[in-house]
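Following are the structures in question.
Below, chain A partners chain B and then partners chain C, in two separate complexes.
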Partner chain A sequence: MQKTPNQKAWFLVLPVLVLVAFSAVIPLMTVVNYAVQDTFGNNRFFWAGLTWFDDLLASDRMWNALGRQVAFSAIILAIEIPLGIFVALNMPKRGVWASVCLVLMALPLLIPFNVVGTIWQIFGRVDIGLLGYALSAAGIDYNYTQDAVDAWITVVVMDVWHWTSLVALLAYAGLQSIPGAYYQAARIDQASRWAVFRYIELPKMAGVLMIAILLRFMDSFMIYTEPFVVTGGGPGNATTFLSIDLVKMAMGQFDLGPAGAFSLMYFLVILAVSWAFYTVMVNLDKREG
Partner chain B sequence: MARITLDNLAHSYLPDPRGEDDYALKQLDHVWQDGEAYALLGASGCGKSTLLNIISGLLQPSRGRILFDDFDVTHAATAERNIAQVFQFPVVYDTMTVRQNLAFPLKNRGASASYIAQRVQTIAAMIGMESVLDRKARGLTADAKQKISLGRGMVREDVNALLFDEPLTVIDPHMKWELRTQLKSLHRDFGHTMIYVTHDQTEALTFADKVVVMHDGRVVQIGTPEDLFERPAHTFVGYFIGSPGMNVIPAKIEGARAYVNGAEIALERGYTALSGKVEIGVRPEFARLSATEGLPVRIRRVEDVGRHKIVRAEFFGHDINIVAAEDENIGSDKTRVAFDPARVNVYANDWLVEGSAA
Partner chain C sequence: MDWMAWTWPTAAFFGVIALLLITFTILAIRFPETPRVGVLRIETTRGDRLFITLLGSAFINLAWLGLLGANQPYALILCMLYAAAVFRWV
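Up next is the complex of A and B:
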């Protein structure tokens, strides 16, 4: 076949380039810009090289926030994934109750983040909140504004309440796609309930579970609104996660250089983990096929 | 291995069936002999899957009993029936190796490791999969997966029956033939009771000792492939089996003669007066074109299928098919059709009427 070179075709890519430039590259470059410069005011900047990155890597503050962040994501994944699967396994497969359950499960997902924060902020208050008041009345020493452990429990329970539904719905969709013949074959083979889960349900859910883990990891790693509304990052720095710390640094202290460097590293961590997940998922698909 | 008895069996998917039309499976009494290979043949929606599900225990029949040997299993769970089933789409445990797949039913029943190892080896040799025993089942082809599900069934020595639910649906055409042959030889060598559900007559006729033809929730004929071909008990059997199917022509019967639009056709046997819808059935293979004999026919089209010719023709306003030999010269003088009197069957209300020697 004869190919006619026509360089004008490049113009056809132009709209996409412009769009991506405005939506991603230019905003990101401003951050890169701040991350490698310093200023003494009057809008005059000078080159700072990798100083901010060096400082950041040496700062306990960042490492502590990162540690809290990783711990938070690990805890909520460890709770939400098994809990979501458990809920999905126990949801009715068909009939009116299946629809009722689906709607009930979807409800928490529809509530705006700051409303969720406000709900739990009030719910947990010792003076007027149902949960806080009830716990206090029962003699349990609970106060999320003063006790770091209580603050963590509150934030974790809030996230579990808000997002387990997502995992459950995804797992439910995975379960629904398993043909009835598999369960019948398992019955014929006298497989135990555990074996059915281990060898039929779990492998068939693997794909959607990877998506669930990825989504919940990314979301929890970037969490800001809910803990900010409930605890404001406190008591002390107990619930100051990466994004809360970043906002404090950028907006509170107006340290744009370090905040820029912080943003980039934050972004790279999420990118790296997401890439790893993506690779694993693609490989899973390949093995399926 | 067991003899399976269906006693007064019927099933309706409605909670409160009234008329006969409410039954997906109409009353059925039948004994599946121990060690025989049966095919359950019928069009989609004829009740064959319902029947299979009742035997496997997925469905509880509305009426009647089902016995394995002399043991009533009507309300027994699937696991207790000790049967095996191969499904339409291959069901294997993806994450396990072929070996683990084959061992799974034995492991669940608490067999000893050495017994399992020995059985798995035997079965792998039977289904020809020794070389892939340690591969994950996930990556195998559809026909290999079907063999694994078959192997999972046969690995239990005391399995009562092997049920097949259209097992070749997703298999490539050239593998279908091979799998069917393999299945047949496994049956010959090991003598399991096998029940094979299909809507494909070739599969049914080549696989089974006895073919059970179902139509509209009813068993219309149970017989050898030869019976079904020569003496279809119901017009549906005549139409469904054979390619093309039997010619069914409305007729009037008087003694040993049939009349189609007043024209006489000789019969081998005599019949008493018949009421209702009376028809004669002749297989295209037993009709032949002629220049002099028989009744007038108008040829519309001749299809040469290589092995023989199929003549599509009009016979007193009815469509009929005639099979002519490949080398037969079909000229314009062939204006008549003659039927072999011994091969003309008489049907009253769709059911075969046995005549008496004339």
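Up next is the complex of A and C:
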């Protein structure tokens, strides 16, 4: 079929362009402007050059928050991806129970972030929470408001509870799309369960798993509400991740300049990692298709 | 536009980026190209290489500021070398 090129169709993209300009580009430009200036309020600004970038790069504050953030993302990815795959492999493939499982798995995904935070905040309390009370009754010294390790465990378990189903559902969709012929061929060759997983299921799931890793990385790297509600970044600074630190700087101390510089560096890291993931994903598709 | 707190350097910065985008759009229309595979073993077009250049330059500037902390304009020379390398080999 002969297609006639019609570049006027680009005008149909204009509404999206305007929307993105208002919701992302213009605010981001303002952040860049803030990052090189100092203000004492009243919308009066003074040129500061690269001072804020210099200060932040030299201070421990941002590096520590970045370290905690990377550790958090690495931990939850290391738990959620294998666990999600495991759950997906064990879910029923058809029938009533498949639907029941799907609905059950989708439930945590439907709960708003701050509600998840509140649930776990109460769940973990030693005086009235089921988890905290049971643990202390069993003789385990658990207190997420005072012990950094407990706070970390609580925040990590909360994220695993909230988001593993997303990985599981994506992996399940990937599994469902594998034609039965592959399994038949594997059975004829007397392939072991592990070989079936390693050479059929895992390669066929690679695409959706990349999407799952990308989504979970982005979300966990930007996480704010849940740890803020549960621990408020404490005890001390133990669970102060990048977003929490950034909001403290911008809204708490109202240091717009440093917060602007912080945001830009945060943004650059996310942009770089997302680009890397996206590129890998696109190239995986090309190799398959 | 007062609330956006514009300064001349930031306006110039965004102006340069806008100019680059417009230039590359015109280039893409006037001289269509096929993507090629470079040292990163991924398909890239001119636009992709521009993105890699800009993103990398941001990190080069930050690294210069964090490690050396002086003579920031010289970082731009390094960025130019980086840009040339990206457009030649990536």
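Keep this in mind: the second predicted complex is superposed on the first by the 265 of 289 C-alpha atoms of A that agree within 3 Å, B and C clash if a C-alpha of one lies under 4 Å from a C-alpha of the other, contacts with A are read in each partner's own complex, and residues count from 1 in each chain.
Heads up, the rule we're going with is that a residue touches a chain if its C-beta (ideal position, glycine included) is under 8 Å from a C-beta of that chain, and two chains touch if they have at least 3 such contacts.
The model shown is predicted, which means the values in this text are computed figures rather than measured ones.
When the shared chain is aligned, no partner comes close enough to touch A:241: not chain B, not chain C. When both complexes are overlaid on chain A, the residue A:184 reaches chain B alone and has no touch with chain C. Legend: residue contacts after superposition of the two complexes on their common chain; A:200 is shown touching chain B, with no touch to chain C. Contacts of A:192 after superposition on the shared chain: chain B is touched, whereas chain C is not. By the touch criterion defined above, A:52 reaches neither chain B nor chain C.
In the superposition on chain A, A:123 makes contact with neither chain B nor chain C.
Of the two partners chain B and chain C, more residues of chain A are touched by C. Judged by the touch definition given at the top, the superposed model places A:36 against chain C, while chain B stays out of reach.
Within the complex formed with chain A, the residues of chain B that make contact are 56, 58, 77-79, 83-85, 87-89, 91, 93-96, 104-105, 108-109, 136, 138-139, 149, 152-153.
Per the touch definition, chain C reaches chain A in the complex via residues 2-7, 9-10, 13-14, 42-43, 51, 55, 58-59, 62, 65-66, 69, 72. Touching chain C in their complex are the following residues of chain A: 26, 29-30, 32-34, 36-37, 39, 43, 45, 47, 50, 53-54, 57-58, 265, 268, 271-272, 275, 279, 283, 286. Those residues of chain A lying in contact with chain B across their complex are 179, 181-182, 184-185, 187-192, 195, 199-200, 203-204, 287-288.
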